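Please go over the structures that come below.
Next come two complexes built around chain A: one with chain B, the other with chain C.
And then the complex of A and B:
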């Protein structure tokens, strides 16, 4: 399951005074079994890009290929007074057209939105988690099995099954909501700032969970502001700035690119800056081993022999 | 979404800059003019036609889409059919010439009546649409508060009403945003809001409504707290943060409206018949 995006543009409220170009000429590939971070300031277009991945938003122009499910709004030209001009009307018509078999796409690409607890609505936890898989037409037993597995994975035990989701704590609600997406067994799991509003241990648990799902063979795309998370968990990082991709590299490369960091508003993780300083001071540190405080400590120990 | 009609669009046209009070008075006068009776059916047609022309010109000036109205009318076809059926069986229009469709006797009069109601409906929608899409919700409540301010003498709590209205209006976009967010989240869980069996559709709506209710309740209790924390007292006298400046164009607007009002009142009271005046004789409507 890979996603290929070519020349994607997205403009909100096109033609109105409130018009806003949210994405410009996005070209990128999310490989099969990737763990990719989407980084960028508020308003840089992360959420907009994410919503394109399962057809919730249709590009103003451009092409997305999600494991050969094609959404193609390439430029269409027409002849006008002997000249080639872009036929906006035809493109608009294409954009408005109904997507074929959109459910198959939505089953493959599961999106966990920012504050997913808002999507809870059933009267029991187990019913709410089953809602997604049921919609995608799984059999009764399969639905129940998936839901129980998903709840188990997020650390919600069977004593919660019959409770109403509205009486749970914020963190528990979040976990139930995420289980609702995991239970759909998507091939690609997209998460939009899933840790916002969680305490430190909740954050740690959630990320460990995501790592586990990744290890089980699911591709992960994670929008985040937290550079520590990017360093520790992600394999690739895509940096967005005002709707454009300004850097695409491994976290290691990104945080070493001082020139780039100076010009962008990104702050590398403290652990990494510290490791860099140590290396500058002459300690033989292998930066690719530095993920968090404990791995840095190990690395220092090793370097000092 | 269907909410696009009547939603405030921040263009900067003459109509947008007009004082909200002038626009509100204008809306009322136009609505009255649309529903007054001017004697003969032909005169009604002529005057409503005239109003329609003015309304079209106004929507062009104010950059509100007149054509979009018809899209929302498409959604009302059930009502139109009902209107037609009701009128066919209503005795009041059972006069004059008629024709048959199968067994049902249909009077030409009925057809004329229904088309006339439709014409008025379109005009009323267009008038309201111009007002709501050129006036900020806040200005709208100021205008309403101003309009009802004479009732203060009767100890009617005008301010509380207008605060309620303005809060309600203020939260329409928030609610729309919220519902779009929830719809997207549920769509990712395989909900199809557009099609499916009735049972699935009901379930889909429930999956939208319940989260929406919960978030509105949360928002409203947060808002109450925030207002109380800042010492809001519904009974005290209030001042304005922003004053509306009366300008020359508002004066012109009022003069235009006064002329229009006088004209329609004269036409309605004296039942001036253009066609008799011109010596044209038409079949009875």
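And then the complex of A and C:
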């Protein structure tokens, strides 16, 4: 289950004076079973890109292939060179109409937006989690089974099923909201800043959960500001800046690219900078083993003999 | 003559407050809503020339405390004394002359139409000549590295640049007490480091300056002589950064994470590597590379 994006452009308010180019010539591949970080400052286009992954936004131009569900603007509308396009609205409508069976796409790609707990709405936990799978036409028993499994995975036990989600703690609400997405059994799980606003222990629990979902065979795309998370959990990192991909590499390579970092506002995680300093000072640190504080401590122990 | 007598009465120093005290808080209590005190009987003596960091999670009362010290808010009960003078309705404005304050949001603290106007704003009622004023503005702009932007409009600057201008404006009046209320919180990591370095530089130029840092980023608190841990409106601990950070259970309980270097030291000790206590990351680095 992979996503291939080619020459993707997205312009907001196309044709209006407020027109704004949000994404420019995006080319990238999210491999099957990937764990990829999307990095970029506010306004870099991360959220715009994410919304393309399940058809919430339609590209202004370009192509997205989500496991052979093809969104290809050139097939939908051929803009002749030199010809002035006047009716943007009609153009947009046309693009949307061409997206057939969007439900099948939404089933493949589950998106957990920022502060997903704001999207809880049913009066019990179990109903809220069941809402998604129900809409994908599963039988009642299947729905219930999926929902229970998802809740179990996020660590919410059966005593919570009949409780109202609004009276849970912040961390619990978020886990319920995530269960609602997992219950749809997406092949690709996209999470936009899932740990923002959680305290240190809540953050760790959630990331361990995401790791587990990944191990069970789901591809993960994680938009985050937190470089410690990128280093510890992600296999690849895509850096967006003002609507363009400016770097795509492993976290290890990204955090060692001093030339690139100098010109960006990214800062490697503390643990990695410290490991680099140790290495510069002559300690034989193997950077690829450094993921967090405890693995750095082990590397130091090994290097000092 | 009469005026002078009045002034000295307004700024009367209390003898029972220590002479070397810059900010003295006694039983300070404050609430926004009745029966929901944000600060409960705070007692603290901040000495002249000290760098003090207040740490605590959101809602612990840190920012409220800063506003009380600057006389922006008025306490329900208890006393605040600035350089031995107890603050009251009549002298709050006079006492505020001693204090420079920088807030978290760079967008909410601009007055001038250009960077130089903004830095000069606080100097305008200080009876200063034009030449002197200009000199001071340039001096401060240089300190924060904004000397090439004097004619720029503040709204066109980046967040980090705005915050640097705000600091320049706060130190232009040469306050004896500088309060930074999460001054780096909205900046990216590089912006944060730049702000920390500016503060360090200013402190070197002006060793008598008393600095109050309000932060929930513990790395910042490393720069302080004393760390005050606030939780639910009460002081849990007042000690050196080393002692406070060694107490990681307490910090964890109130939702704060200990700084990286302390975490690493703990981790190394658990692997039977004997690491002595240290004062900063450099010392740890030097020790490990020995």
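Simple rule for what comes next: the second predicted complex is superposed on the first by the 283 of 305 C-alpha atoms of A that agree within 3 Å, B and C clash if a C-alpha of one lies under 4 Å from a C-alpha of the other, contacts with A are read in each partner's own complex, and residues count from 1 in each chain.
What we mean here is this: a residue touches a chain if its C-beta (ideal position, glycine included) is under 8 Å from a C-beta of that chain, and two chains touch if they have at least 3 such contacts.
In this text, all values refer to a predicted model and were calculated from it rather than measured experimentally.
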Combined model on chain A: chain C and chain B, fit or clash: fit
First (chain B), second (chain C), both or neither touched by A:113: first
Touching partner for A:282 - first (chain B), second (chain C), both, neither: second
Chain B, chain C and vertex chain A (Cα centres) - angle in steps of 10°: 80
Chain B versus chain C as contact partner of A:270, first or second or both or neither: second
First, second, both or neither for A:200, with chain B first and chain C second: second
Touching partner for A:298 - first (chain B), second (chain C), both, neither: second
Partner chain(s) touched by A:41 [first = chain B, second = chain C, both, neither]: second
Least C-alpha distance (whole Å) that remains between chain C and chain B when both complexes are overlaid: 8
Shared contact residues on chain A - chain B and chain C: none
Interface residues, chain A side, partner chain C - complex: 41, 199-201, 265-267, 270-271, 274, 277-278, 281-283, 293-294, 296-298, 300-301, 304
Complex interface listing, chain B residues touching chain A: 9-12, 181-182, 184-192, 206-207, 210-211, 214-215
Chain A to chain B touching residues, read off their complex: 16-18, 51, 54, 56, 102-103, 106-107, 110-111, 113, 116, 118-121, 131-132, 135-136, 166, 180-181, 184
In the complex with chain A, residue positions of chain C that touch it: 57, 188-191, 219, 252, 255, 257, 260-261, 263-264, 267-268, 270-271, 273, 281, 285, 288-289
